[in-house]
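Some structures are shown below for you to check.
Shared between the two complexes below is chain A, which has chain B as its partner in the first and chain C in the second.
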Partner chain A sequence: MFTDLNSILNTSPDNFKQGEFVLILDRKADASFLVHHFLSFYLRAGCKVCFLGLVQSFSHYSAVSQRLGVSLAQAKEKGQLVFLEGLKDCLGILLPGGTKPERPTLDFFSPQCSDLRGLFEFVLSSLSPAGGAGGQGDSGPESLRPPVLIVDDLSVLLSLGVSAGAVLDFAHYCKAHVCHELKGSAVVLVRCEEEEEEEEEGDEQGAEMLLKGLTHQCTLALQVQGLPTGYCRDIHGQVDIWWRGESQQQNHRKVFQYKVQDKGASFFARGTSSAVL
Partner chain B sequence: MLLDVLQGAEAGSFIIFRDSASCPGRRLLKSYVHAALKREEEVHVLEFEASEEELPTGLDVHCAQRLHIHGGFADPLGWIKRSSFTVHQFTSRSISTLISSQPQSKSALLVIDSLSWLVRHLDPVVICKRLQEIRRGGAVKTIIGLLHADLHQISVVGSVCHLASTVISVEPRTNGQWVLAKTTKRTKSGKVLQEEELFSIQENLTVTVHSKVSHTTQTQPETDSVEADPAANLTFNLHLSEMEREAKEKVALPFVFSQEKKSALLNAGQGAGRILYEPDANDDFDQEDPDEDLDV
Partner chain C sequence: MAAPVRSMNNPSGITCNTTSFQKKSRSKLVSIPGTRPSVQNGQLLVSTGVTSLDYVIGGGLAVGTLLLIEEDRYDSYSRMLLKYFLAEGVVCGHKLFVASAQDHPDDILQELPAPILDDVTSPQPVQEQAQSSDPDSADDMKIAWRYQNLPKVQTALASSSRFGHYYDVSKTMSPDMRQASKCHTFYLAEQPPVESTATSSMGEAYTDLLKTIQQVIHQQGFDGSAPQSKVRNVLRLGLHSLGSTLWGDDLCCRENPIQSHGLTTFLYALRALLRSSLSVAMVTVPSHLIQSRVLMGRITRLSDTAIALESFRGSEKETNPLYKDYHGLLHVRQVPHLNCLVCEVPDTKDLAFKLKRKQFTIEVGHTTAMATPSPPLPSPALPSPPSASLTNR
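Let's look at the complex of A and B:
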């Protein structure tokens, strides 16, 4: 959890806005530090978190969170965190000798299934107050906090053969249920690749459409970019924070530069890095 | 013209609000809906993108009674069997049953939020056909729809927009709080009117037009087309005066074959070279092949 970012976004674990749909996207930079931020932020806030980890293993997230002062293993044990280890489960389906999952969570691998309904049902069952994969029996104060969905990251689904439209449908259902019905929040990461010559035309259009569609849906967009002038040791890149409200007053954006540190990250206005001043 | 469109349209019109990710147009759609409700029209909304609670905010109770939301937001594709209206139910028959289920005196306004949901899930041809059926059906007076133009192929956006009688595209303006609206209106006589206006939407959802972007400035002769003289500011002289030109023309070029040169070549004077050849005794001169010794 980065206190700098909290003060920019005007939130804290004790007092945060509900019903937010946060889109994190990165271009020529790595925005996964923001995923770790939101994961530790919501765990510290006592929310029930469903994490779809499609790019890294549980131990990776666990190790990073340990540095940020949150124990994922403990949260998982308590039932506060439901972790989908997409990396491992995908392998189980794809390899001939792998273990086949009982639930239709990763059904999108089968040729006759073109939507992400299974994945959505997994999210729904893990976050709904009644059921829950964690089997949370006690109705302590924790169960009162709104649930949170974090996805790292949605573009992987495109590479796994899901169409951009299906991913958008999934995102819409997650928004409708997690953000509106359960009054929780959702954080999704999308990576946009720079246009490359070799890439297929259709692929690129899909990624672009996914990005545009998610931008239409989100309430807050954090766009992480590398510096236009190239790599720098003291400034790792810039974040374009875009509050997307309906009215012109609510709809504004600000650009900050950041530096990822060992335990956290610092954010500062452009040109005010300590290395410059 | 934007205000004229928001004032209400004649029966059978179809208005598209075109927006992009950088400039959302839902608020303009909302202000149209609010204006229609205040005109005491019955409004039916096919809501796929915003929650049901979002639209009636800021409406008084009296107006809210005339607003009927057919929510597809929670379940637009029927995944969890909770929807009152899914994307695939978009046919003229189910629309007219939806509308006729509400007792009212006059024909209604149908709002589709958004057309992009339909375009993504149905064939463009099917959508165009069904929209046309709904327009002709008579149950609906006006159809308005929001279309996220950047989500679809240009051809699809174009063909849906061709159906519309009015297309309003909203675009961001970097300077200030205003938004640019490009309105294209096709009248029944076939005349096409176009106008660009800068507008803003107040807290109470009323639209204020600030200025019209005039086209006359654009059609004026462009200043760029006056050709710049590349030889204007040079450090050396590129131009020739009349005298210089004459002097230049007098100079004979080195390889011009003049009369003097010709005569000098023809009358070889003294001291000119000549080839003398006295055949050797050993020389085996072949009359038929004089170049034999050249070993060709």
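Let's look at the complex of A and C:
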């Protein structure tokens, strides 16, 4: 949890907006530090979190969260965190003769399946207030706090052969269920490959379509970019924060530069890095 | 990935310490030859074989990760890096796995560079000093007479804890040395044809390769399935020119390949295998042949460390006097974030490589020469780029 970012977004674990659909996207930079921020933020806030970790192993997230002061293993034991480790579970499906998982969560790895229904059912079963995934007894405090879905990251699904339309459907279902029905929040990371200009070719349209669709759906977009002037050791990039809402006042954007540190990240207005001043 | 590192507490790793003082972490981690824990995040690192490359990517390759090398045109320097990587495995006693569709893996193995083992201590003057004060070598130091009969352990420790070796690319490794190490090979043309099961969107060749890797990892106990008493070792996987047409992939032929998910799915599964085992992979990809930049971006994202070699050979930069000291540029596309928020941030990204008579090295390129991607005709007074003043602070 980065306190700088909390003050920019005007939230805290005790008081945060519900029903948010946060989109994190990056271009020529790595925005995964923001995923760690939101994971520790919502765990601190006491929300029930469903985390779809598709690109890294659980030990990675656990080690980073430890530095941010949150224990994932404890949260998992308590039933507060439901963690899907895509890297671990995919081998059974991808290798011929592997043990097939019983639940259809990761069905999208097989070529016969073209949608993400199994994955959505996993989200559904792990976040529904009645029963929950493990059916732990302490549903009392959970019901007070809204549930949260975090995905790291959605764009890897495109690499695995899922069409952009299916990913958008999945995002839409998640938004409808988590943000509207359960009054919870969702945080989604999407990584873009190249510049915006080159989007003519067929496959690229998929990535761009996903990006546009998600930007349209989200209520808060955090776009992480490298510095336009090139690489710098002391400023890792800039974040374009875009609040989206119905009215004109709610709809505004701000740009900050950031530097990721060992146990957090600092955000500052453009040109005010301590390395420059 | 942190799990295998923590579970490797081999108590026999340090047997030669003479005092009761020792760093706790050291006895826990250093047990496999040719590895060392990272200073930053405790990851177990292995050397790529090129010491300067280790430095560039943050100290070395973390076990359980994937290094992607974008090949230069003609594949000459990337192939050399692959051979360095495998030769380092032979010298450290690691297990090897070589897969190729183009040349037979045995041919690649025959070309491994010869290690320079004689001057093991020459790049480390500090350790030489420590050796000269060694009680065994200093005969006139009578005050230490009672230590004379102790086994000479200092030098042994120094040589075993050495990280990365130097190689002479003008010679090849002796066959005895090469054959001492256990090596599994995968040559696509010699694989028996398998019935198409279509269990995944990967191509048949990739499925076959993945299955072979998984079998090797499982049977040799790299996934921690072997009993604890067995000496643990690292498996080095060298996969040559993935994505080329010889692997049955059409990434290089079309702008909109039909099997556009084959390689990315394979890399995802390979990463999954690596993360759960004591293995490290180097994959080379002919990126200049792949038409779609988006696809190349995805391939980069699915690997942990990614570097690209841009050779001057055949390009107009070859004759440019600004680049006359180097053979090509090295671009660090991606450095991994492993178990920590912040990754190893390099000082500069202006890197160039050159192949000396005996050695491949990476150097920090001259800033004025590197800052402009395609420099104009060299004028006597080149305006210094704005980034130069920024990096100097």
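Quick note on the criterion: the second predicted complex is superposed on the first by the 266 of 277 C-alpha atoms of A that agree within 3 Å, B and C clash if a C-alpha of one lies under 4 Å from a C-alpha of the other, contacts with A are read in each partner's own complex, and residues count from 1 in each chain.
By definition in this document, contacts are C-beta pairs under 8 Å (C-beta built on N, C-alpha and C of every residue); 3 or more make two chains touch, one makes a residue touch a chain.
This one's a predicted model, so the numbers in the text were calculated from it and none came from an experiment.
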Is this a clash or a fit when chain B and chain C both end up on chain A?
fit
So, A:L87: does it touch chain B (first), chain C (second), both, or neither?
second
Comparing chain B and chain C in the superposed model, the one touching more of chain A is C
Determine, under the contact definition given at the top, whether A:L168 touches first (chain B), second (chain C), both, or neither.
first
For A:K212, select first, second, both or neither according to whether it touches chain B, chain C, the two together, or no partner.
first
To the nearest 10 degrees, give me the chain B-chain A-chain C angle using C-alpha centres.
100
Please work out whether A:A176 is in contact with chain B alone, chain C alone, both, or neither, and reply first, second, both or neither.
first
Counting only touches as set out at the top, which of chain B and chain C does A:D30 meet: first, second, both, neither?
second
Could you grab the smallest C-alpha gap between chain B and chain C in the overlay, to the nearest Å?
17
Chain B - residues contacting chain A, complex:
20-21, 24, 26-27, 30, 49, 51, 73-77, 79-80, 120-121, 148, 150-151, 177-179, 200-201, 203
In the complex, go through chain A and note every residue touching chain B.
115, 117, 120, 124, 165, 168-169, 172-173, 176-177, 180-181, 209, 212-213, 215-217, 244, 246-249, 251
Interface with chain C, chain A side, in the complex: residues 30, 32-33, 36, 57, 59-60, 62-64, 67-68, 87-88, 90-91, 93-97, 109-111, 155-156, 158-161, 191, 193-194, 198, 201-204, 207, 229-233, 236, 260-265, 275
Which residues of chain C touch chain A in their complex?
1-3, 41, 197-202, 207, 210-211, 214, 255-256, 260-261, 264-265, 268-269, 271-273, 275-276, 292-298, 301-302, 337-343, 345-349, 386-387, 390-391, 393
